[in-house]
Each structure stands twice: as C-alpha cells, then as structure tokens.
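Here chain A shows up in two complexes: once beside chain B, once beside chain C.
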Partner chain A sequence: MKRSLVLPTIALAALTGLAACGVGAGSSQSAPSGNELSPSASVSGEITFWHAYSAGGGEINALEKTIIPNFEKLHPGVKVHDVQVPSSDMHQKLITATAGGALPDVVRADIVTVPELAKLGVLAPLSDVMPDFQSWAAKMFPGPLATNKYKDKYWGLPLDTNTRVVIYNQDALTSQGVSQVPKSLDDLKAAASKVGGGKFIFAEGGSGAWNLLPFIWSNGGEMTDPSVSKATGYLNSPQTVDAIQMLVDMYRAKQIPGNILGGSGDTPTSDGLAKGLYDTIVDGPWTFPGLTASYPSFKPATEPMFSGSAGSISVVGGEDIVMTQQSKNKALAAEFVRYMLSPDAQQAMGKVGQLSAEPALAADMASYAPYYAPYLEQLKTARPRPATPQWAKVDDIFTKQVQLAFQGKVTVQQALDSAASQIDPLLAQG
Partner chain B sequence: MSSAPATLVGTPSARRTPSRRRSAIGWTAARTAAVAIGALFLMAPFVIMVTTSFEPNTALLPNPPHFLPQNPTIANYVDAWTGSDFAQYFVNSAYVSVLTTLAAVAISAMTAFAFARFDFPGKNVVYAVLLAGLMIPGIVIIVPQFILAKSLGMLDSLNGLVFFYTAGQIAFTTFMLRAFFERVPTELDEAMTVDGAGTWRKFVRLYLPLARPALATAAVFAFLGAWDEYVWALTVISDASKRTLPLGIAAFQGEHSTAWGLVFAASTIAVIPVVAVYIAGQRHLIAGITAGAVK
Partner chain C sequence: MSTEAPFRARTEHVPAPSRPSKPRRGGSSRRPAHWWIPWAFAAPGLAFFALTTGYPLVRSLQISFYQWSVLPGTDSPFVGFDNYVRALGDPQFWTSVVNAGAYLLMTVPATIAVSLVFAVLLHRPMPARTLFRVLYYIPVVTSWVVVSLLFKYLFSSDNGAVNWFLQDVLHAVSEPVPWLEQRWTALAAVSMLGIWKNLGWCIVVFLAALGGVQQDLYEAAALDGANAWAKFANVTFPGIRGTVIFVAIVQIIGAFNVFPSILLMTNGGPAGSTEVPLTYMYKQAFSFLDFGFASAMSFVMAIIISAVSYLQYRITREKKEARR
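Take a look at the complex of A and B:
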C-alpha cells in the first residue's frame, strides 16, 4: 500500500516537470479523427498490449495461443506484442513509462486506476475516438461500465468483471445450530451470538473499501456524494456509521476473526471456510478453483450479499481495456479493443476464470462454470467504487481510520468523521 | 578472529574453578540452543518453500504449513521449467549478474585504490557525492533513471541492465574496498617503489592479492544485488525473451490467486546459484566484512 502511494506522488512530481519540456503524454500525438478508428477501416502495423493476466491460471495461454493468433489471422500482416506485468506492479510500470514516453498502445487496467490514468493524460477517451463506442457501451453491465467514466468521458470499456457474494459452509452452520444461512445483515447479527468455541459466523479478509463497501451500501450508507466531490455527510452518515459499527461490535465480541484488520495471523478466509472454522465469507469467483483444488470434498454454497435497508449491494471488481494517448497506431489499437470484447476472445477468457462484463456472454459462461451464476445476479445491483484519480489515497485513509475503530482506539463516528475530513480536500482536487 | 581466545588465556577469568567451568558449559549450551532456535526460525520459510515446491500445485497455501512434502511430486519443477521460457530467464539472469559482478568489482577496485592512496583536489567532495548515492532509495530516482535509460537506448536491453546495476553497486563496493586498501602497510608500498614498481604494478601485484577477501565479498554483494533485483528490471524490460528470473517468478502470481507450487519451484531453482556463490565466497566473505570494521 505504501509503495502504491509513494510512486504516484513521485511520478506526479516528475510529470509536472516533464510537462514543461513537452515530454508528457499526448504532447506529440493528436487523436486521429473518428473515421480512422471506425471498424471498417483497414488496419496494419504493430501494437503493444500490457496486461496482468496470470501465467499460472491459463490466462496467458488463452491470450497468446488463442486470442492474439486469431486476431492476427483476421488481420493479416498485423502484429500484437503482449507484455505481462504483475498486477501489483502494473501501476508503477505505467506511471514510469508515462514519464518516459514509452507507453504501450493498449492496456488492461485495474478498474480503480482508470480515472487516475485519465487525469494524468495517459489515456485516449474511447467515447471520443471510437465512433462505435456507444454500441459497445450499451452491451455492458452498468456497474463495470461506470468505472471508465471520468469528467463526462469514457476512457475505456470493461474487459472483465467480478463482484463479491456470500459463500458459505452449510455443514458448519448446521453443526452450530444455525439452520439457514444469514440472508440479511440482521440475520448475520442474530446468528453471530449462536456461534462460539473458536468458530466464527463470518470472516472478512481486510478493512479496505473493497471489503466494507458492500456492508455500507447494503445498509443505505455511502462513501461520497454521487458526483464524488465530497465525503462529509456521506462517509460519516448514520447509515455508514451503523454498518461499520455492526462489524466493529461483532469483532470486539470475538464474533469475527482478526483477518478483518488485514493481518496474516489468522486462518485465511477460504481455508477457514472449507475447514468449518468460518461459516460465511464474502468473496469473488476466483475463490472456487482454489477451493476445489485444495479441498475436493468441500461443497461451497452461495447467496447474494447480506441485504440491508437498501437491498443487497456488492462491489464491482475487474479490469477495463484502455488505449493510450501516446499510441502511434490508434486504428489498430481500436480494432484490438473490439476484438478483445468480441464473443471469441471473451469466451476464451471465460474458460480460464475471466467473467465477461457483457451480460449476454456472461450468461453463456455460467452454463459451463456454474459458480459464475450468483455473480451474474449480484452484478445487476453491484456498484463501482467512487471513480476518482485520488482513489489510492482515499482508500488508504478510509482503511487506516476504520482500523483504529476496530482496535477500539476511537469510536466509529470519530473514525469516519476524521476520514471524511481528510478525504474531502482530496476529492476537491478532482 | 583467532586472537580472541589467546587474550582470554592470560586473564583472571581464564583460571576457572570447576563450578565456574560447569556454569561456563551451561552458558555455552544455552547460547547454542538460543542460536539453534533462531536458526530454525530463519530456516522455516526456506524449508516451507522447498516442501511446497514438491507438493501438487494449488492456489491455496497449506495452512498450517507442511515441513515434509505430502504426495511428493516434481511436476512443479517440470511445469515451471517447460511451461514458460524459464531456461531463457535463467540464462538472462546469469548473463546480467556475471557481467555486473565483473564490471562492478573491476571499476570499484580501481576507484577505491585511487581514493585510498592518492591525494587530489576535491577528493573528499567526490567521495561524499559517491557515498550520497547510497543514501538515496532507488525507487525515488526511478523515473529520471528511466528517462536516462530511454535516451541511452537501454530500455529492453540486458546490457542496459548491466550498465545500471553496475552503476548502482559501485558506491558500496568502493566504500568497502577503500577501507581495505587503506589498511595495507605503506612500508610495503614504499618497498615496491624502491624496487622500481609503478602504480599499476603495485595495484596488480600488491593491493589486489592482499584484498582478495574484500574483493570476494564485493563480488558476492554485486552478484546477489543483480541476481535478486526486481523493480528496475520490471520497469525497463518488456520483451518476454529478456526477462530475468525475478520477473519470470512474478509472472506465476495472479491478481487473486497464485500458482504457489510453481512460484516455489521456480524460487528454489533461482536460489541454487545464490547458495553456490555464497558457499564459494563464504570463507572470504566473513573475513571481508570484518576487515574494514576496525582500523
């Protein structure tokens, strides 16, 4: 976390200096007119594509053995160079390459980084440069699509998506006298008191926004106003405080294990679930392949996110596909973006765990990987984290303040008041 | 090292009564046990890495960790070696590390010799600037360094890695070797001068042979520095055929799940040359580290 905060600061400082010298992104390239990027235009040449697909999970194979060769066959003479960058280091590599004017043409970027990259001038606005942008946007789940929006433009399109649902161990629940899995936040609170003896009704792996926003939103709380311009009045509203207070109370009553503080001393959430130590967790579709491999006899079951007064609202994860302003071959880059969103490429990735952000394709995927089904349902109401270039700092402040509340050093209200007052000036920077 | 017991012989504490001797034995046993426990803690992650590398590949780490492999298999090693261009990464790492070691040691030895035995205007300022480089964390200068590498045509180049790794190592190895060279008695230097030896001859025939432990230490540090380096390589290398081992290993780690068996098999393979270099240089390493400590 520290590194991810230090780097943008340094890079921003460097960029400020570089901009004066004309080295900054976009200074030498102007966006071509829309017609050049239309789907009917013929394409040629080479592009580079940076991504964080995993070598261990078959994703790289799908990309390099199926998707790119098929794209090159469709467009004879073109060449796509793909560069795998570990997801945790993608941000740093992008920022450095931006300063050095050595960006690739197309990037598979984590959804939370898109506004920041857009603000830095790294990205070409797809809603302006792709004439057929609207027809692609119309196909997507609204939550993932919204992660591409910054200052009234769309800077990318959702490439893959995910969210978090309740995964539970029915045997563990039954053995502790809880006949039915908790479906609401009230059910969870009520069931918690029945579980004890070193076992827990629920385990959560951290206290960041990714972890806690589903509780806040489902309880009717918010992190910021709808335009993401201020946190005060939202992050410290009674509904938000209530949601966090419930988790803090459960933690302090030893009804939730210490994982929620983000440490590594407790049994990891997936292991604890399979072993019957934790009855429920809230996690993404990537949990299932790991559980099946490590605990073949365990049959995980799912439910939508615990509902509250606002319903059952989870958080959107995943990646967007974006084009850089520095790209010297935007026509080919746009064509590659289209191909990556096509049924061929999406289905190839669906088979190795990447859920499509297009509902029609995603429904197909649920037919050969049934564990996708509850995620598709949840995605209908799932929301993206607030889109702001300052997201990394905002999340860091939120996490640190909430942890103080979990540790009992401040009240939840004090923690969220403090977080809101620190986040307001960041959001004001736009 | 060898002088410590000799000084004890003549001291009153060396003439011990049987009860004192017994307590000394007890004290030694306690110390040995404490060191052994410490060593076990230090060894545990290494043992877990090797053990997991011989277990079937999973996305979840065994919890609690296993100290002996269950259902042992070498599949991870086969997959890690054949599933990607791991052999190529290994060759790349070896190329970069060996050249960095040779260049860093050669340049530092000459630089350190000059600082140790010559007086020239601005010597202290130049030396302070050199040492100041040690105090700036690498990550702080990564952006300007990237721009420099680009303008030198050293992006995506193994020789570019050697250039920047060598530059990064020189300050520390020069600092270490200077302390060693300064300890060489000036009488030996003067005797060679009387015999008609020039500066280069004295450097090659007198200083370098005497500094062998320090040179070995410098070489081990330079090799390990280049072999383990990740952030700079990640920043400048994009072409998969030019990846070094740390980049290759990181590629097995996914965003939400990691192929731990492959990561640990690859890490175990990557550790072998490090252990070999350390064992080869171990005798000199300890002498070299302590050499500069006391003047």
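Take a look at the complex of A and C:
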C-alpha cells in the first residue's frame, strides 16, 4: 500500500466499524397459532428469559432460587435459562440480537420500549396469541397495562410497576422555616423563596419526560393528544408551558440545583435529600432500600406528587413481560409469562422491591414494605408516557428543547413550540 | 510506517556509512520466487483484516445508502445519498464536529508538549526512573469508565474537588463553577481527562524515540558549546521529529473518536451542546435505530479525519523536505 494511503485507511477503519455492528443474517419467523398457547396445553423443552433484575437487591436470588425452580417443579422436564442484562445495555442488546436473529423467548422489557419492539416486528402480540389474555389484562392497573398497547393490540403484560411520589426530609424543612411539606405546585413555589444558603426546596435528576411529565400532567398540561398522533396544541399548550415555566423560573432563581439539566455532577437527589441539602425530591420506590443502606438514621417521609389544577398525577414506570416472534417454544414461553404474573412469583418479587401491577395484590405488597403504600395510592392516577415506537426520539427532542429553556437560550414557549413541531412528523409515522 | 522516522532523521546529520552492495535477488543459490509466496504469508493477516475491518466497512457503506431496518428479512428502502444530505444539513452533527475539533485543540498540543517534557526528563539518568515511568503509564491502563466517573465527581458543581480548590483554597471564584452544565467548561473538563489519560502512552513512544537519537551528536553539540535548550532544539527534536508527527496523527484521530468520557461525563448534554460525533452516531444507531443515518455520518467523519490527517502529514513532510 502506498504510504500516503495508509493514514486515510486507518482513519476509515477506525471510524466506520461502529455503524456496522447491528447487522446480521436472516431469521426464521413463525406465526403462532392461538390454541397451542392455551393454558391447558402441555409444555416441554427449554426457553431463555432476558431481564435486568439487579443482583444486589435480592431480585436475582428470588428469580433463580425461588421463581424459576418452582416453575420447573410445576412443569417437570422444562428448563428456563435466565440471562441478566444490565438495564443500561438492554436496549442495545435487544437491537443487536434482533439484527442477529438471536433473541430470547421471553423478555422483561422497559415499558417505553414495547411499542418500538412491536413496530419492529420483534414481539408476538399477546392479545392475539394467548387465548386467556383478557383475563390477565383485567387484573392489571390501567396505567401499566396501557404501556403494552400499540396499534390496537397488546404486545405484553405489566410484570412490575412503579411511579414517583414526593419524598421529603422533615428535619431539613423545619430547620429552614418551612413548617409543612409543600403539597401543591403553588405551595412548592411559595416555599422555594424561604430556602437558601446552598440548600434547595426541591431537586430533580433530569429534564426528560420521565422527570417533568408529573409536573405537566398535574398542572393540566399534556404531551400529545389521547391517540398519540399530534403534539402541537398539547405540548405547547398554556398549561404545559406554565408547568415548565415554573421549574425554569425556580432554576434560574437558583431555587433548584443543576441536577435538573442531567449529568451535571451535582450531589445525586437521594443523597442530597438525606444530607438535608434538598428538602424534597420526586422519586420511585427503589430510593428507600438505598437510603436505608447508606443513611440508616435518616427517616424519609412521603406525600403524593405535588398537585395542580388537574390533581396529583405521576408517571408510570416499570417493566412489561413480552414474548418474541422468534421464540421456537411459544407454548412454554406463554406458560412462563403466566407464571411470572401469578401471585406466587409476584409476591416473591414484591418482597425484594418489585411492585406488582395487580391491584388485587396491593394489600400483600403494602405488607412487605411500608413505603409501598404511597406508591400504590399514586398508581391509581398515574399515567404512562405516550406509547409510541418513536418514544426515544420524542423524549430526546423534548429533553433538548427544555434544557435550552433552562439555560435561558430560548423562552419556554419557543422551546415547546419547536419540540412540538419536531415531534409531530414522528408521531405521524405511527 | 512513521516509526522508522527517528532513524531517518538521524541520517540527515550523519553521512551514511558505505555499505557492501546488496546481493542480487534470485541468485543462482536461491529458488525462483513465486508471486504468490508473499501473499501466502500475508494471507492470515489479510483474512483477519477482511473479516473484522473490510467486511464491516463495506457493509457500513451499504447501510448508509438505505433507510436500514434492523430486523432481518424486512424491507430497507434504498434512499441514495439522502442520509448524507441529512448529515450535512444537520446542525447537531456540525455542533458535534466542532466539539470534537475543540477537544482536539484542547488536548493534542497540550498532550504532546507535556508528554515530551516528561519523556525528556525521564530519559535522563535519575533515581527511581522506572518507578516514575510506571506511574505515568498507569492512567493508560485504567478503565475509561472508572476514570470518567471519577472526573465527573472531581468536576461536580457543589462538592467537587476542583471547585473546592478554586473556591476555598485559591479564592479564584466566588461561587462554584457549574463545570458540566455549560458547553465550554464541560469540554474543558473532558479535555483534562483526555490529556491525563493519554499522557503515559505518548511518554512511552517518545522515550523509545529518544533512545534512538545518537549520543555522539550530543557530545559534538557539547563541544560546540551548546546549552541544554540548544541541544534539545538542534539534536533531540530533529531526531524524534518523525515520532512527534506519528504521535500527533494518532492523537488527532483519537480526538475525533472521543467517546466514553463524553458519554459518561455529560452524555452530550445539556441540550446536545457537548455532543461529539461518536456519541451522536451511537444515539442515532442504538437509541433511535437510524443505522443508515449513523453510517452516513461515520463516512462523512472518516472523510474529514482522513483529510485532516493527510493535510497534517503533507505539511509536516514538506517542512522537513524544505529543511534539506
């Protein structure tokens, strides 16, 4: 090779490997037929289950030592191989496995990825292939169930759920002259001016939809129309703008810390809460085991999400259980889905921090951990983020525009007008 | 390639000794050479290259002309140069290129200058020289993930060590600097990590080159009354000039490829202001499944880097030739 060509070639080679990672050879897809997946069908063989259960909190133990062995005992001769994938890698791993035709049979998927996977053709529609789907769907909280809907079909069932409530540090509030925890958005605004000296009335860990939708919804705003086909008129409505404006004003007045811009390196919200740096945060049930472990003397208290003109509305999180089209043993996969949603498995997971999405099990859940109760209450009104295969892009556009408003580079109205006009064509793609 | 350069530089000052003439190829005592013999020796390497680099490269080029569907067997419409047009007209892509350029300017000259100083110091006989060489090399072998998170804490706004030093020790700022909340301060923080992490590798390469500079040139310079700086400028630097060019090119390519530090320290935020080409491509491919667009951007970047590297190579080579 000529010497002058060596460097450009190295540069080409170094740079272009990335985009080629996600392609692979063909796969076989078979359409499942309804009867073979009925609950009475006999099952045999093996399946693989991908999940992102955490190893530290006892979830893996519950799965591998209790749930899977019990399932295998119920169905002698079957084998479930479970594979733990770190939650941050799950999406990428699913995409590369899709391209390589190497998907597992059953996946515990983040609720926001289900419509995207459904659109890709990766998932088997449970509402079509499981004859008893309706009986399972009827058992679920409506918010978590709605995360499985795409194009009038349900592609999964809620495996576990969570939402976000206000967690506060009463001692910190008292020491700063705020006698009562803010219960509404107006209370929060009013209390903000009383707190200073490097302390903050409230801290939020990012500016994505997960972070800000509870404020928008509680204030009567929306992100899209009910059919998730349009953002203009909703994302840039006066109620949505007001909700974001309130947070932007507080940030600009240094009443909330830089965490809201995401990745700022400020003290993480739960640490700041325990240390008395932040008086209130809005977060999920996973906060409590962490606080107990790191700050045993700190007693966090809870309140429902700050209410606004539309009430107290938080956002649904959690995971759905889905079956892939590529599965070669859909009968066993369906039976495993049923078992994972059974009281036995749900209770075993509830004991290690995974909240069931089945209201009938709410009392059981509340008995496992006192901090579950406010979440179960909040779930009655909590809403899922708009279910669209374009969610990752929609959320990215929203986050970027809102961050520009936080930085004062554009007004909130300009930011949300721009976001809505960029999101509309994405939603139109369906 | 460029690693031969120090030896070439050396011959610029010393007349080459006369060497016995080369034996003719294919002499009567040797078997006739077949054209395929060198290819046979190179075949394992070439096969490995074709599999791990050639195939992905060609496949990636193909993907860049399609609206690529990640699911095998589904339609991927051919879109011609649409993905390239999109990339060239995408302000976020150009922001990411400018950020990579800024990172390059903040890291490459500083890394080369500082590592050259340390290499010259570590080349001299001194106590615990090996220990220092090992210590300076340690950052190179540490995990990018670990040190990126460590630097994120160092540059934390409210209780980071850097702000503590600036505010409480030096009293240089009245309130904490929101390092990672603003574009240029965030890029500066990431650049400091880049310099710290790459220093050791550059020092090792420079030490190897310094070992190749002839000692008698220093003796001759000393006889001519040259001081330390004159020796460095007239003997050391010309002797390792080729290595400096090599290190600069590798560092420039590396700067355009900056990835884990940005991903972990800022994730391209706030508002995409610290995005670099690789984080932007990664998000387009693996978050938004826009593999065609990501591939097109990777080829645009490849062209930019090739052009910059070639330009730099030409400029430095011409300078050298002009000196002859």
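To be clear about the criterion, the second predicted complex is superposed on the first by the 399 of 430 C-alpha atoms of A that agree within 3 Å, B and C clash if a C-alpha of one lies under 4 Å from a C-alpha of the other, contacts with A are read in each partner's own complex, and residues count from 1 in each chain.
One rule holds for everything that comes next: a contact is a pair of C-beta atoms (placed from the backbone, for glycine too) under 8 Å apart; a residue touches a chain by one contact, two chains touch by 3 or more.
Only a predicted model underlies this, so the values are computations on that prediction, with no experimental measurement involved.
Asker: Which holds for A:258: it touches chain B only (first), chain C only (second), both, or neither?
Answerer: Second partner only, chain C.
Asker: After the superposition on A, what does A:279 contact: first (chain B), second (chain C), both or neither?
Answerer: Neither partner.
Asker: Would you check which partner chain A:99 touches, where first means chain B only, second means chain C only, and both and neither mean what they say?
Answerer: Touch status of A:99: both partners.
Asker: Between chain B (first) and chain C (second), which, if any, makes contact with A:48: first, second, both or neither?
Answerer: first
Asker: Give one of first, second, both or neither to describe whether A:396 is in contact with chain B, with chain C, with both, or with none.
Answerer: In the superposition, A:396 contacts chain C only.
Asker: Output check: A:266 vs chain B and chain C. Expected answer is one of first, second, both, neither. What do you get?
Answerer: After superposition on chain A, A:266 lies in contact with chain C alone.
Asker: Taking the superposition on A as described, I'd like to know which of chain B and chain C A:320 touches: first, second, both or neither.
Answerer: neither
Asker: Using the superposition on A, tell me which residues of chain A are in contact with chain B and, in the other complex, with chain C.
Answerer: Comparing the two interfaces on chain A, one with chain B and one with chain C, the shared residues are 3, 6-7, 10-11, 14, 18, 23, 92, 95, 99, 101, 267.
Asker: Please name which positions on chain A make contact with chain B in the complex.
Answerer: 3, 6-7, 10-11, 14, 18, 23, 48, 50, 52, 54-57, 59-60, 81, 83-89, 92-93, 95-97, 99-102, 104, 267-268, 270-271, 284, 286, 289-291, 293-294
Asker: Where on chain B does chain A make contact in their complex?
Answerer: 57-61, 63, 83-84, 139-140, 142-144, 146-147, 149-150, 155, 231, 234-235, 238-240, 250-259, 262-263
Asker: Residues of chain A touching chain C in their complex?
Answerer: Chain A reaches chain C through residues 3-4, 6-8, 10-27, 29, 91-92, 95, 98-99, 101, 116, 120-122, 198, 257-258, 261-267, 277, 392-393, 396, 399-401, 403-404, 406-407, 409.
Asker: Would you mind writing out the residues of chain C in touch with chain A in their complex?
Answerer: 1, 53, 55-57, 59-61, 63-64, 68-74, 152-153, 155-160, 178-181, 249, 253, 256-257, 265-267, 269-272, 278, 281-283, 285-289, 291, 294-295, 297-299, 301-302, 305-306, 309-310, 313
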